[in-house]
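Below you'll find a set of structures to go through.
Heads up, the next two complexes both have subunit A, just with different partners, subunit B and then subunit C.
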Partner chain A sequence: MDIDETLVRHVAKLARLELTDEEVAGIAPQLSRIFAHVDQVCRLEVEGADPATQAPVPMEGLRDDEPGELLEPRAILRNAPAHDGAFLVVPRFFDGAEGEA
Partner chain B sequence: MLGRMNPLGGMTPFDGDHPLDQPVATMAARVRDKDDALTAVELVQASLMRMQMLDPGLGAFLCTTDELALAQAEAVDAKVAAGEDPGPLAGVPLAVKDNLAVPGAPLTCGSKILAGYTPPTWATSVERAVSAGACIVGKTNLDEFAMGSSTENSAFAPSRNPHDLDRVPGGSSGGSAAAVAAGMVPLALGSDTGGSIRQPASLCGIVGLKPTYGRVSRNGLVAFASSLDQVGPMARSADDARLLLAAIEGVDSHDATTQTFASVAADPSASLAGLRYGVVQEFALADVPGGEDAEAAVAGVRAVLDEAGATGVELSLPLVDASIPIYYIVAPAEASSNLARFDGVRYGHRTDGAQDLESLYAKTRDEGFGEEVKRRILIGTFALSAGYADAYYKKAMAARTRLREQFDAAFERCDLIVSATTPTAAFKIGEKSGDPLAMYLCDILTVAANLAGIPAISIPCGRDRAGLPLGLQLWGPPGSEGRLLDAAEQMASATGLGYEAPRASGGDA
Partner chain C sequence: MSAPQVLIGVEVHLQLKTKTKCFSPSRYHYGAEPNTLIDPVVLGLPGALPVLNREAVRLAIRTGLAFGCEIAELTKWDRKNYFYPDLPKGYQISQFDRPLCTGGGIEIDDDDGNPKTIRLIRAHLEEDTGKSTHDEGGTKSRVDLNRAGAPLLEIVSEPDIASAGEAERYLNALREIVSYLGTSDGNMEEGNLRCEPNVNLVFENGDRTAIVEVKNINSVRNVGKAIEYEILRQTRIYHDDGRTMANTPRSTRGWDDTKSATVHQRFKESADDYRYFPEPDLPPLSIARSWVEAERAELPELPRLRRARYAEALGLSPYDAEVLTGDPILAAWFEQALAGPSGPRDAKAVANWVQGELMRHLNEEKVELSQLALTPAGLGELVDLTTSGIINAGTAKALFRDVVRSGESPAALVEARGLAQVSERGPVEAAVRAAMEANVQAVEDFRGGNPKARGRIFGAAMKGLQGKGDPALVNEVLTELL
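Moving on, here comes the complex of A and B:
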């Protein structure tokens, strides 16, 4: 699998990573080399094998459907980069949007 | 100032007689004994003193939690004074890998993206260790988000191997391994997603155990690859590791994948005589560059096992050869999903340069994550993307099921499998940091246990020709940790190989 800069930019966008041009140029050949190795996976013959995780959650592992301990809102807000005392604050969804959010 | 080739010579209060250098059961028993003068506070103070002396040269710790440790130690001593039992780890200083939550202490995961974050709750595994009497002395360095095999991917600084300061301690639990190997703490917690407990244990000459998937709660462990991650003990001996594992294991309502497995308690009737040990053809190191010393070390142990009446069984597990490719699809795929939560909204770093919400996410993540983390997010996002998910992710997961079946069949024919833990001893800092694939191949002998969900332990196995520690790995079927620990203890007695304090080799000591 050859991974070029266009593909790296596409995947980075999916992953919400704003890479610099320098990072894109550096990562593309590294990923190509890594995928040349991991491409073996595509050639494995594993017909009929269950692709589900090997360890399904046992029913006895599930707790009763009851409210658990809750964290104080203050304990959450203390770690937030920006908040107004009650809510987390983030920029507008769209750049330059008119009017109040 | 620590000497370059003589990192601990002349500096360490190591005399072997200090209570901190005794087996964990011995030091805890003394603390619990009201008539013994040794206190938890003394043990913790000794540990903190060693950290102060040794850690500037090793970089094992990202933070020290003196106040917490001393408060916990005082609570232990108060219980003893009141005639209560503080637990089997009474007063034992414990280092905690910095991807496990300790309230009040910063949680960094070795990343800039968690700058300023202090978790509000305990990781279940850590809380249980504390309930058993352990005292948390600090948080240890790691590769960022546990992605790496050397701690060089830490956003802060690499840790150093106490046996040679120019070399890596392994990773990603490299700080925990270095802390135990240098004698700063007798016990540490690590996490293992593809070898991150066993590989650094091997490189630092200590014991490290990855439990069966589901034995130890992952609650409060920052998720890397949720179907592979396990928390486990790092220690100087298998019996010390057993005590920590017994304290932290068990069902937890906060982690639905936890289960009850067979007890890890020592079986007094266990014996090497009659033991069937498997030797997997695909783990042979004959063709691996530099693998001769590790291969010879395993051969040496096999000879001792045969002498003791054990029988070797030759096995082939063909999918082991594909375990690195399978792992480097599954683990990054899960990581790309797990690390989506680091977006600059609720905690940690937030970019100054956002114009809108989307650029807040994308710029925060570019600024906050290091190179290796970005690489893995991209690998995983690609492997899960439209048009590729069937060829990569689904195929890798199916192969994983087959690999587990191959292990199940192997354990019909043997009680445990022996192999080396790593192809070579510790490498030099910088030696592999420019070559991601070479770094990934460090885990070639460890990832299969995570993919199969089975337990494996690395124990000291002598040294290579350069005098650096090598590790032997024992693999068992699900829930067989007790048997692996028993075998590890018996092998250590039979071979005479075990933990050795870093050598004070020079004349300047």
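Moving on, here comes the complex of A and C:
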């Protein structure tokens, strides 16, 4: 895969990373080398194999639906840059798009 | 010029009814004080690791099976990366290429009343985001992270929906099924069911308008209204400006309830780039077929099948079947009342009582079925007393008003109070004669050609029998003597 500067800038924007022109110029060839390595791995024959990065767990390995300990609400508010009553407050971000889920 | 074909696919986010969140033991319920239902996993604090809630998977499997989906043998988790203040970790744990459920469908009636299946592409499990509110014209947004991490089933349909009415029926059918299953409250107002329709049009010459996704809709009726609005708007911009899929990007619009209109929010210039990758903190999940089959065996009879059975096997009208099956608790109550000691009771008679006196009482007193002192068996007994002619309709209604509150046995009360209907000729005739003597004027009026006068005599005769007269016999005797 060819990594050019446009792609580096695009990914940096998605990741909210601020890169200088020099950094962009430096990162593009580095990423290209990493992708060359990944390309090599991709040539392995994996037809029919499950995409298991770890051994899958069965249902018995899951958590029971039992409530556990909660964080103390004041601790949450104290650690936030700003709050208004019980709400966390951030600069208005509504560009029309509500939560994405 | 014929109307364009309408293509609607719907994405539903259904919150599953667990006690705790999808990947952490933090409790979740609607309406709690903001930012109180949070633990380190929800915030993605360093060192906190997600652990999957078995009940969330079970409810998702149960829901998927009811929709006829295939349940994956191996499913896995992926990170969907984006930055938003209501997403504390900076990514959402979701499922990308190995969703829990695939295929299946939901049957609805089309606009002509014929059955139609809306096919599903997939249904996957993921975690919810927090909830944000925005100052009107202000500079701040407020965030409540309680909802973050709650389990969601995202249900994606094929674009098989062809009108606003079909979309509303699809959502109502989906909501009804999950209420039968008990897997979600399915309440759009409380946000535990959210719906985003994707709408576009195909014209006769093959031109297609750009797909528009509509967000922020808070009721089933408004989903229909938003779609109707989009059909008109897209038709207009196609004819006025020649805007099609080929020259216009996909976009997201929001439903504005006060304007009854959709409002442009943003273009999706490039496909949303979420940089999905496998979630390193969670192992894949293997789902034993024995678990799936155990869940399948536990599925209740679903609403459409139950309606068909009420109409076909019980001989109820489509309307009666619709009303009685609309709420699974009501349907179960009805069926218990239907079961008599010596075989099923007359379904129409029981249905009339349930839809008449019983539902009127529930509405007037604003009480739930579960709060009633009257049991289904008690209502059944009352139905038996009327159908067998032991008490008349008036007595039955009066008796209902007592037993609905007290829960006493109607048969025992009839016995104790001597309410049994008077069906012997002797006392009925005596009462009718007495009524005629006491209402000479009415008798003359009737014989003089005023049929309404008959009612006064009938009433007096029934009163003479303390309301317990067999109305058919009273009428018969009255006709003879007049």
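Observations on the structure shown:
Just so we're on the same page, the second predicted complex is superposed on the first by the 86 of 101 C-alpha atoms of A that agree within 3 Å, B and C clash if a C-alpha of one lies under 4 Å from a C-alpha of the other, contacts with A are read in each partner's own complex, and residues count from 1 in each chain.
Definition applied: a residue touches a chain if its C-beta (ideal position, glycine included) is under 8 Å from a C-beta of that chain, and two chains touch if they have at least 3 such contacts.
What you see is a predicted model; the values in this text were computed from it and never measured.
Residue contacts after overlaying the shared chain place A:E66 against subunit C, while subunit B stays out of touching range. Of the two partner chains placed by the overlay, only subunit B lies in contact with A:E18; subunit C stays clear of it.
By the touch criterion defined above, A:I76 reaches both subunit B and subunit C. Of the two partner chains, subunit C is the only one touched by A:A86; subunit B is not.
Where the contact sets of subunit A with subunit B and with subunit C meet, they give residues 11, 14-16, 50-55, 57-58, 61-63, 68, 71, 76, 88, 90-96. Within the complex formed with subunit C, the subunit A residues making contact are 10-11, 14-16, 50-59, 61-71, 73, 76-77, 84-101. Residue ranges of subunit A in contact with subunit B, taken from their complex: 3, 7-8, 11-12, 14-20, 23, 27, 30-31, 33-35, 37-42, 44, 46, 49-55, 57-58, 61-63, 68, 71-72, 75-76, 78-82, 88, 90-96. Residue ranges of subunit C in contact with subunit A, taken from their complex: 13, 18-20, 24-27, 33-40, 43, 51-57, 74, 76, 81-87, 92, 97-98, 126-135, 138-145, 152, 154, 194, 215-216, 252, 254, 263-266, 273, 275, 278, 280, 283-288, 291. For subunit B in complex with subunit A, the touching residues are 116-118, 120-121, 213-214, 227, 251, 253, 256-259, 319, 322, 324-326, 328-329, 336, 340, 343-350, 354-363, 365-366, 369, 374-375, 377-379, 381-382, 385, 391-392, 394-402, 404-405, 436-437, 440, 452-453.
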